[in-house]
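Each of the next two complexes has chain A plus one other chain: chain B in the first, chain C in the second.
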Partner chain A sequence: MTDAAALSVAGLGISFSGRQILKDVEFQVAPGEFCALIGPNGSGKTTLLKAIVGLVTPDSGRIAVDADGSGGTSVGYVPQKISLDAHIPLRARDVVMLGLDGARLGVPLPSRARDARVEEMLQAVGAGDFADRRIGHLSGGQQQRILVAHALVRRPRLLLLDEPLANLDVRSVAEIVALLRRLSLQYQTAILLSAHDMNPLLPVMDRIVYLANCCAVSGKADEVVRTEVLSRLYGYHVDVVRVHGRVVVIAAHEPEEIRAALARDPVHTAEIP
Partner chain B sequence: MRLLGLMFAPGFFSNAPVHTALLVGGGAAVVSAVVGVFTVMRGQSFAGHALADVSSAGGAASYLLGLNPLVGFLGMAALAAGGMEWADVRDARERDLLTGVMLGAGLGLTALFLYFAAVTGSATGAAITVLFGSMFTIPASIVPVALAIAVAALAAIAAIYRPLLVSAVSEDLAQAQGTRVRLIGLVHGSALAFAVALSAMTVGAILSTALLIGPAAAGLRLADRPGRSLAIAVLTGLIATWGGILLAYDSYYWTPGRGWPVSFFIVVLVFLAYLLAGLLARVRLRGVRLAAAQPSGCGQH
Partner chain C sequence: MFASFMANAWIVATMVAIVAGIVGFFVVLRRAAFAAHVLPLGAFPGAAAASVLGGNELLGIVAFSALGVLGISQLQRWERREVATALWLAVALALGTLFLSMTRRYSQGVYALLFGEVFGIRSALIAPVAVLGAIAITATLVLFRPLLLDSLSPELGEAAGTGRGRIELAFLGVLALCTATALPVVGALMVFSLLVGPASAARFLSDRPLVALTLSVVLSLATVWSAIALSYLSNWPVGFFVGVLGGVCYATGRLRQRGGPVPAH
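Right after this comes the complex of A and B.
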């Protein structure tokens, strides 16, 4: 009961078939906080989110999600890259409804209370105009709104989103980020959102969890996104560059790696400058 | 009255084999349509066809052994469905390979059993009946078993209706809600085996795919809600099956002494329904596009 955090992760370790994915990951997310989960490709963002939802079983450590007392799941989840097939006969409205009772057995009976809750959620994510269209026929940004509504309709204390900004155009990215910030304030829902680029999230994030090299650092963005902190995390020197209010982390040591790979390849050795 | 007389050749409503065909065929059509809608949504149409081909080995074996063919069809279909769920292959291409290899093995067994049946002369016409059906020779004793299987399949689908829909959208979403997706796959696979066995009994193992996929495809094209898709699929399946039985019965009067097979008429009607659904869906989509294009010039579509 002393644990007031919406999410607290301690000593988390995960490995798949001998390969270490996460090691000693430790951070907390406070209720209603907007937290960005940032890291390069393959740094374990998706695995970490799946472990929190319960889709992946950790080898070690502890994940505590603040229960909402209703006995239901208190975590909403928007997975990465769902391709919504045009063959599936579901309207946007139906997908949100299934967020409420999708795990229940039997055929759903008509319910005004349920319909009202679904309608309210559709309005909250700005989906009123396309609520009755087939999900497979919606644009990427519209589908993302519907998946957010699906995850939020049970009013979880914690909402996890896996790369929700990938494959969206610039305008949709801005709209979705603003929408999520507003929803987290409106419903007092903590948000943990993964992205490979932190820039669209800088104006809204309360906290950042930065994953690299199997480990994590977390804190305020200007405490974490610093050359010395990230260099320690990556295990080699990285540069954090600020340009016109945007942040670039130059962590690539590709030139050295490619030279090393070329040196190992005897055919091309002669051509290396 | 004269028109009705032309449509329904004499004796249609008082003929016992016709009654049996209408009952068993109707049950097979309803179950195949309902299960088929979910099978297509889950992208398992090919698996459905493979189950049917494997089930034909059971049908052929039951002719050799003198068993109830429905039991033979069901036994092999269930075995194949169980095997596929147990193998639990996630990669789509790998699953296609497994399905194709299984389908070939099943049909190979069918070839062996039908060869034995032919050389021993134990069952004349077994090949046609097993592979392409013979609705007017279905024994009336099968009706209660067939209806029990139909009810069981429909009850299973009704029970997992919502988890099935969520897992068709995304298995990750379903799992995040606490649904055990492998259990859902297993229940759907069993219902699929039931549907395939019933259809194999009526239109034959090979043609059962027509009843499973055709009406479902029409339903999925024409409606944006699962309930309506199911209703359209069931109606399509029933009209095609009962219409096919009627046309085949009537054909005895067009071509005295012979008549054409029921399966042929059913499959033709299913195909026509699919074409019609495609046409209607295109008209409807154009209407939706026009309506969507109206309010704003450059919306986010």
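Right after this comes the complex of A and C.
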């Protein structure tokens, strides 16, 4: 797998103004693999994805993305929480088209080959029905499909998605997860998807990368999501609880943290019964 | 209204309308309306400086537009976008006040620079306005797709490698060129209405970017031509009609919006 990995991250360290975000992060994603990037808020998921895209420069380590030989970027990226202007004069179809040639200079000229590629991608993400509607008028789930098509239309070997399931209703979550699994098999695209809740992804993930305490562990979900493995990662005891096929990681020592914070703040302590 | 002394007015105003329609489209899409207000207003002290030094007015405007671009983009590294923009306006207006205090024969000129002087356009202005306008249009069309992608989402633009800082700097440059083109004609206050009014209406009328851009130019031309004609007939200022018709454009666009009102979600 070492040579053929779609993504290989080794010894990655990133810090912002002296604060360590990631430390010695190491994992690999094989071609076509569906990989979930899980971790609590502030664990560095977004920073890790941005580093892979090249938007954040690491202090140390190596990130190798399997090049597709075309010379172009082989990473597709769907950023977190994009807020789209409701009035922007772009159809869903135009957004996918910009995924293909958005960085090129000049006004787009008519091209049948390009239109066919865009149309195929729209069909692949199940957006045929709303391809000609204004992007700002679509629902959150529909917009997410279009953003996936925007990222995939250049056929990257690796697709990164930052919290694509946040702010979606339960049904849209299920549809997007199923769609991504199908697309990764259809196009042999490796997927690295960040989420704070792993449960919707358990039926589809081949691998999990769990981030906490600046570090990462990766492997099969049932190897990683275990009390002793995650306790070692967090650096204190956490509980992994399984309820009706769902997994809950109880890593919070929030009650203690909040009591400690209150104790440091005498004004508020006085008001708490 | 079509007498020979009016020819310059029609020619230059037409060029300005085309430039403003194209650049204004991205002003609205990129939420840069405040910069579109500040760059022209911050460029007028350049004309005042030129008057004090006895230099070329258009050159003064170009110089201060360029200073505005550099000043705003440098301040943006440390400050939020609108704070950076406002800080530049404060500095520019301070300089403008100083320059104006040094010259007495300028009060009429100030009025023209703020509110425009369409009927007094000299033939000598046609060539420079045409050149500056052509550069602004070419630059906007060359950057069309990166600007569109960055307007859709700066994150997506950055991921595609368009470079957020470079795009912003390039766009401010285009806006400065448009300012220099339009300021001597429609005035610093009216550049702004021409940049925002037609473009804000055009995005309601089509959901295809190139069609919306074309409509923005068409509405801009209609605004400027109607304003000149109405001003000629009524003797009311051109600026009044440019501003009012800009508002009319927006209202019409809003009412004729394609696909009905935006659904809440």
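Definition applied: the second predicted complex is superposed on the first by the 263 of 273 C-alpha atoms of A that agree within 3 Å, B and C clash if a C-alpha of one lies under 4 Å from a C-alpha of the other, contacts with A are read in each partner's own complex, and residues count from 1 in each chain.
Please note the rule applied: a residue touches a chain if its C-beta (ideal position, glycine included) is under 8 Å from a C-beta of that chain, and two chains touch if they have at least 3 such contacts.
Note that this is a predicted model, so its numbers are computed, not measured.
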item	value
Side-by-side fit of chain B and chain C on chain A, or clash	clash
Which superposed partner A:Ala10 touches (first chain B, second chain C, both, neither)	neither
Contacts of A:Ile82 with chain B and chain C, given as first, second, both or neither	both
Touched partner set for A:Val247, first chain B, second chain C, both or neither	neither
First, second, both or neither for A:Leu262, with chain B first and chain C second	neither
Chain B versus chain C as contact partner of A:Ser172, first or second or both or neither	first
Partner chain in contact with A:Val204 - chain B first, chain C second, else both or neither	neither
Intersection of chain A interface sets (partners chain B, chain C)	53, 55, 73, 77, 79, 82, 84-85, 87-91, 94-95, 98, 101-108, 133-135, 137, 139, 150
Residue numbers on chain A that touch chain C, as the complex places them	53, 55, 73, 77, 79, 82, 84-91, 94-95, 98-99, 101-108, 133-137, 139-140, 147, 150
Footprint of chain B on chain A - complex, ascending	53-55, 73, 75, 77, 79, 82, 84-85, 87-91, 94-95, 98, 101-108, 132-135, 137, 139, 141-142, 150, 171-172
Chain C - residues contacting chain A, complex	29, 31, 141-146, 148-149, 151-153, 155-162, 202-204, 206-212, 258-259, 262-263, 265
Chain B residues within the chain A interface of the complex	37, 40-41, 43, 158-163, 165-166, 168-170, 172-179, 219-220, 223-226, 228-229, 288, 292, 300-301
